[in-house]
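Chains: A, B, C and D, in written order; residue numbering restarts at 1 for each.
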Amino acid sequence: MIVGWLIAILFLGGALAWASEALDAQLPKFIALLALLGSAVLVGWLALSGQANPLSPQGQWWVLADANWIPRFGIRFAVGVDGLSLLMLLLTVFLGLMALGAAWHEIRERSGFFYFNLLWTLAGVVGVFTSLDLFLFFFFWEVMLIPMYLIIAIWGHENRAYAAMKFFLFTQVSGLLLLFAIVCLAWFHAQQFGAFSFDYFALQDVVLEGRVQTWLMLGFFVGFATKLPAFPFHAWLPDAHSQAPTAGSVLLAGVLLKTGAYGLIRFTVPLFPEASASFAPFAMGLAAVGILYCAKLAFAQQDLKRLIAYTSVSHMGFVLLGVYAWNLYGLQGAVMTMLAHGFSAAALFMIAGGLQHRLHTRDMQRMSGLWSRLPMLSAMALFFTVAAVGMPGLGNFIGEFLSLLGAFQASRVATVFAALGLVLSAVYSLWVIQKVFHGPLLLPAGQGREPDGGLADLGTVELLCYGLMALGLLWMGLYPQSFLAHSASVLEALLQQTGTPGGGG
Amino acid sequence: MDAIPYEHGLILAAILFVCGLLGVLTRRNIVFVLMSLEIMLNACGLAFVVASARWQHAEGQIMYLMILTLAAAEVAVGLGLIIQMYRRFHTVDISVLNEMKG
Amino acid sequence: MQEWTGLLPAFPLAGFVLLVLSRGRMPRGIAGVIGAGSVGLSFLLALTIAIGVLNNGGQAYTTVLWQWMQVGDFAPGFSFYVDGLTLVMILVISGVGFLIHLYATAYMADDPGFARFFSYMNLFVAAMLVLVLADNLLLLYLGWEGVGLCSYLLIGFWYDKPENGYAARKAFVVTRVGDTSMAIGLFLLFSQLGTLNIQQMLMLAPQQWSVGSGIAVAASALLLGGAVGKSAQLPLQTWLPDAMAGPTPISALIHAATMVTAGVYLIARTHVLFELAPSVQLLVAFIGLATLLMSGFTALTQTDIKRILAYSTISQIGYMFLALGVGAWSAAVFHLMTHAFFKALLFLAAGTVILSLHHEQDIFRMGAMRRRLPVSFWCFLVGSAALTALPFTSGFYSKDEILLAALGQEHYGMLLWTGGVLGAFLTALYSFRLVFVVFFGRDRHQGSSHGEDHAHAAVMEAMSPVMFFPLLLLGLLALGGGFIHVPVDTVFGAVHEEVHASQFLHALMILIPIFGVVIAWGVYGSASYQKAGEHLRERLLAAPIGRRAYRFWFSGWGMDALYQWLFVNPFMVLARLNRKDAVDQIYGWVAQAARVGNSVVVMLQTGNLRWYAISLVGGMVLVIGLGVWR
Amino acid sequence: MTLLFYSAGAIALIATLSVILSSNVVHALVYLIISLLSVAVIFFALGAPFAAMLEAIVYAGAIMVLFLFVMMMLNLGQATEDEERAWMQPSLWIGPGLLSGILLLLFVSTLLTHDVTLAPVEVSVRDISLLLFGPWLLAVELASMLLLAGLIAAYHLAKK
C-alpha cells in the first residue's frame, strides 16, 4: 500500500498546494516541500525495508497494491516495486526536491498552480515506475505529460507556446502508438486466453507471430524512444528544455527522460524478446548516430540551455546502447547512466537557469569570464560539466563505461563510434566552460556593472542542492555498488526470462 | 375502394422531399429556405402516415405528431431569427451571412 | 607500512578537499603549507614504503581498499599494486612533485588564485599516484583521466586569456582521442580475457594468445593509442607545446616530469601484451624515433624558452618510446626518472628566468644573463648537460642504455641507433643554443633600453630559499641520478642480454653530443664567432629551402595546420551548417504539410450556407448510394 | 379513394413546385398552404383523419399564419421580387438539381422493389390518444418541452 500512499500524497499535496494559494502566496511551496519530504520518507522506508523483506530479492516484484479497476477489460490497479523501480523512485523523489529548490525563488506567479503541476507530474512518474498493469501504466504516462505541458506553456520563456505544443505533439503521437500497441497486445491476450488482460506478467505469456511482434515492438519502441529521446525522435527536446522554467527542465531531463529508458528495459524487450533481438543492431546504430550527431549539434548551439539539452540527447544514446546490448554490463550501465545523468543534467540545467536568473539571457555569446564574479557557481558548473564529460570517479563514467563495455560484446562497430562521442563530449563541454566561465569578464549590457551586489553568488538553497547532487555523483562514481546491487537481481531475472545468457562473460 | 400501392405514397413523399431539398439548395431568400424546410418536414410526416397505413398501426401518426411539434418549434425559432437578421442586415439574402469561414 | 599504501593519494586528495572547501579565503601561508605539505607527507610515506619493500627483496604486494563495483564477472576494485616499477613512479611523482610544490609556493605567491592553484596541483598528484598504483586498468583509467583533467585546469589556470583556454582545451581533447582508443582497448581486453586486473591479464594473455595474433595486435595498438596521446608522441603530440600556456611549475610537474610519462608507464606496465605483438612493439620504436627527430628539429627553431623545453620533452619521451619499442623496459623507466629530474630542473630554472624578466619568454630578448641570474645559469647548465647526455651526468647513463638497446634490435638496430644518435646531436644543439642565447652574448633584454637603474632593478634574480632548495636538490639529482639503480628487474625479468657495441660506436655516442655543444657555441655562444654565426643564420634563412624548412620546423612540421584542415575545420563547418538540426527541419516539413493541408480544407469552409447544405446533401447521397448499390 | 389520393398528390406536387419556383413570397406562401391542404386530403384518403385535421389546423393554419405575419413585418416589396428573379439563374440549379435527381433516383429505386398495396383502415383518434398518453407519454412531455423552448427562444430572438 506504500506506493499507493506515495502517489496519493503527491496528488493530494498538489491539490492542496493549488487550493492554499488563495490563503497565502508563500504557502504552496511549503506544502509542496512537505509532500515531497513525506514521499521521500516513504521511499526511504521502502528502500530500507525492501532489503530486509524476504519477498523483494531475486528479481521478484514486491506487489504493494492490487485492486480491480475496470474488470470488464481486465484492467487492474496494480502497483509494485522491485530493485529497478526503487532506484528510479529514489531518483524521482530526490530530483523532485531539487526541482523544488530550483523553483523556490524563481516561481512567483501562480505558484499554487505551478506546484500543483509539479507534484502531479511527479505522481505520474511514480505511477509509471511502479505500474504492473499496462493500462494503468499508460494512464500515469499521460498524467505525467499534461502537467508538464502546462509547466512549459505557462511558466516557460519567450517561445514557450511553440515549445510546449511541440512537446505535447511529439509525446502524444508517440503515446498513441504506445497505446495502440498495448491494446493490440491485450486483444491478442483475449484471443489466446479468452479474456482481456493488461497485466504485465500475463502479457508476457502472449505468443506473437513474427511480423506482428515486430510491429507491436516498434509501437513500444517509438513510444519510449521519443521520450528517451533517441536519435530521429529527439527534435522536441531542445525546444522543450530551453523554454521550460528551470524546475521544468530539471524534471524533464532528470526524471521524465528516464521513463523512456525504464519503459525500454521493463516492457519493450521483455514483452517482445525475439523482435527486440533482431532490432537491436538498428537500435544500437541509432544510439551511436545519436550520440555523435547530437554532440555535434550541442557544440553548434549558442543558447546555453539548448546546448545542455542536446548533450542530454547525446548521453541518452549511451542508455539506448546499453539497453539494446541486452547483457548485464550494458543494462547496469544504462541504469547507472540514467541515475547519474539525472543528477548531472539536472544540475547543469539549474546552473543554466541560475545564470539566466542573474543575467537575464541564455545566449553564450553575451557572457564570458564569469568565474571571477561567481566563483562558487562556476566551480559547481565545472564539477558537473566534468561529470558530464564522463570523468572516472563520478557517476556518469560508471554508466557510460559499463554501457560501452556491454555494447562491445554485442556490436563492436557501434561501440567504437559511440566511444568517439567521448571525444566530442569533451569538445562541447570544455567549450561551455571556456565561453561562459573562463575568458575575459563580459556581462550582458546593464548587468552587474556595480562592483558588488550586482551579481550574487550561490544562495543557501542553491548551494544545498548543488552540494547534494555533487555528493550523489561522487557516491555513484566511487561506490556504485550500492546502486548496482539493487538492480542486479532484477536485471539478471529479466535476462534469464528473455533467454539471453546473463552476464555475457 | 381500390387499393393504393404502398410505394406510391412513399414515392410521393420522396418527390415532395426532394422538391423541398431543391428549394433549400437553390434559394437565396431565407424565407424561401425556411418554407422549403417545411416542405421537407411535411414530406417526412407524409411518409410516416403512409407507413402507419401500411402497417395499420397508429404509431406512425404519433411520429407525425412529433414532427408537427418539431416543425412548429422550428418555424417559431426560424422566423425569430429571420426577423433579427433583417433588423441587423436589412436583407433576407443568406449569402450575405458568410462571416463564419476558415 | 604496506597497509598504509592507500594514504599515498589520500594526503594530496585531502589537501585538495581542504583547499576547495576554504573557497579561497584561507591565508596564503596555510594554503601553501597544506598544498606542499600534503605532497611532502606522501613522499615520506612513499619513501618508507619503498624502504620496506626493498628490504623485503622487492616483493610486490596488493592492497584492496574497497570493491569498486561488481557487475557479473566484471569486478574491478579500488586496489593498489606496488612493485619496483610502482616504487620508482611514486617516488618520482611525490618527490619531484614535492619539490615543485615547494618552488611554486614562492613562484605563485602573488597570484590571486593561489589556493585554487594548489588545490588543482594536489588533485593532480593524487590522480597521478592513483594512476601508477592502480592494480587494474579501470582504476588506472581513473587516474589517467584525472591527470588529464588537472592538466586541462592548470594549463588554463590563467583563464582570462582566451588563448590559454584554447591551449587547455586542445590538450584535453587531443589526449581524449588517445584515451578513447585506450578505453576501447579496455573493452577488447575485458571481452577477451574476462578481467582488467593487470597482473592477471599479464598472466592470462600469453596463455590465450599466440605471439602476433590479431587480438594481441589490436589490444596493444589500442593501448598504444592512449599512451601516444598522453605522452605527446606522433601523431598526437601537437598539444604539448601549446600546453606551456600554464604556469611554469605546471609545465615542470605535469608536462615534463610526471603526466606526460604516463604513456611510458602504461606500456611498461603492460609490456607483456606488447611482447605478444611484435609489430606493434616495432611501431612503438619507430614512433619514438620519428617523434624524437621531428621535435628535435622543431626545438632548433623555437624562440620561446618554454616551447623549446616542451619540444625537448617530446623528444626525450621519444627516446623512452624507442627504448620500449626495442624491449629495453628498464632503460625506458630509467630515462623516465632521470628525465624527470633534469627536465623539472630546467623548467623551474626557466621559471626563475621568466619571473626575473617579468614574464619575458622570448630567448632572443634575453642574453648575457649569466651574471645577473647566476643560480638559473648554473641550473640550466647542469640540466642541459644532463639533457645532452654529457658524460657522467644522469642523462648520459640512461640515454646510453637506450641507444645500446636500440642497437641490439634484431632487424632495424642500426637504423634505430643512427636515428637516436642523430637525435642526441640535435638535443645538444638546441639545448646549448638555449643556454648560449640566454646566458651569453649581448644583453638584448628590453629593460636595457630604458634607464640604467631601472634595468638593473628590473633584472634581479627572483630567488628565495624555498625556490633555491628545490633547484639545488634537482640539480644534484640531475647530476648524480645516473647512479641510482632502478629496482625494476623483478618486474620485467632481466631477460635482455648485454649488447656489446664496438669501441668506435661507444666513442661516437660520447663525442657526438659534445660536437653538438661545440657547434652551438660556434653559432650562438662565443663572442668571436657570433657575427659569423648570425651571418650564417641569415644566409640560411635567405635561401628558399632554408626559409621553408625553418618555417616548416617552426610550426612543428605543420601538424597543427594539418589537423586544423583535416578535423577541426570540417567539424566547424558541419557544426555551422547544421546548427538548426536537419532532423528538426524534417519535422518542420511535416508541420508545414499539415498547415498546407489545413489551408486547403479551410478553403472548403466558405461561410456560404448553401455550400454547406450542398456538401451535406452530397455526403448524404454518397452514403445512401453506398447503402443501396453496395 | 384512389382517385382522391392521386389527384391530391398531383395538386400537392404542382403546388410545391410552384413554391420553390415562385419569386413572390406571398404567392409562394399561398402555394405552400395549398400543398399542405392537399397533403391533408391525402392523409384523409389514407385513413388518418386526425392527422389530416392537424395538418390543416396546425400546419396550414397556425404555422403559415405565422409566416404571413413575419412577411408583413418584413414588408418586402417589388424590389425584393426583382431581386429574387435575378437570383434564380439557371446555372444555379445544375448542381442541386443533379444531386436531388440522384437522391430521388435512389429513393425510387429502393421503393420500387416492393409490391404491397395499402388497405386504408381508419385509425381513430381514440387509438392515437391511447398510445399517445400511454407508452409515448414521455415523448409528449419532451415535445411540450421542445415547444416551450421554441416559445422562449422565439420570444428572445425576435426581441429588439
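Heads up, the rule we're going with is that contacts are C-beta pairs under 8 Å (C-beta built on N, C-alpha and C of every residue); 3 or more make two chains touch, one makes a residue touch a chain.
Given the structure is predicted, the values throughout are model-derived calculations rather than measurements.
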item: Pair with more cross-chain C-beta pairs in contact, given A-C and B-C; value: A-C
item: For chain A paired with chain C, centre-to-centre distance based on mean C-alpha positions, whole Å; value: 38
item: Distance between chain centroids, defined by C-alpha means - chain A, chain D (Å); value: 67
item: Centroid distance [mean C-alpha coordinates] between chain B and chain A, Å; value: 62
item: Inter-chain centre distance, chain B versus chain C - centres from mean C-alpha coordinates, in Å; value: 94
item: Touching two or more other chains - residues of chain D; value: 95-96, 99-100, 103
item: Junction residues of chain A, two or more chains touched; value: none
item: Sites on chain C at which at least two other chains make contact; value: 614, 617
item: Which pairs of chains touch, using the document's own definition; value: A-C, B-C, B-D, C-D
item: Chain D to chain C touching residues, read off their complex; value: 95-96, 99-100, 102-103, 106, 109-110
item: Of chain C, residues touching chain B in the complex; value: 601-610, 613-614, 617
item: Chain C-touching residues of chain B, taken from the complex the two chains share; value: 21, 24-26, 28, 33, 94-95, 97-102
item: Chain D residues touching chain B - in the complex, by the definition given at the top; value: 1-2, 5-6, 9, 12-13, 16-17, 19-20, 25, 28-29, 32, 35-36, 39, 42-43, 45-48, 50-51, 54-55, 58-59, 62-63, 66-67, 70-71, 73-74, 76, 80, 83-84, 87-88, 92-93, 95-97, 99-101, 103-104, 107-108, 111-112, 114-121, 123, 127-128, 131-132, 136, 139, 143, 146-147, 149-151, 153-158, 160
item: Chain C partner contacts - residues on chain A that touch it in the complex; value: 231-232, 234-235, 238, 293, 296-297, 299-301, 328-329, 332, 369, 371-372, 375-376, 379, 386, 391-393, 397-398, 401-402, 404-405, 408-409, 415-416, 419-420, 422-423, 426-427, 430-431, 434, 437-441, 478-481, 484-485, 488, 502-505
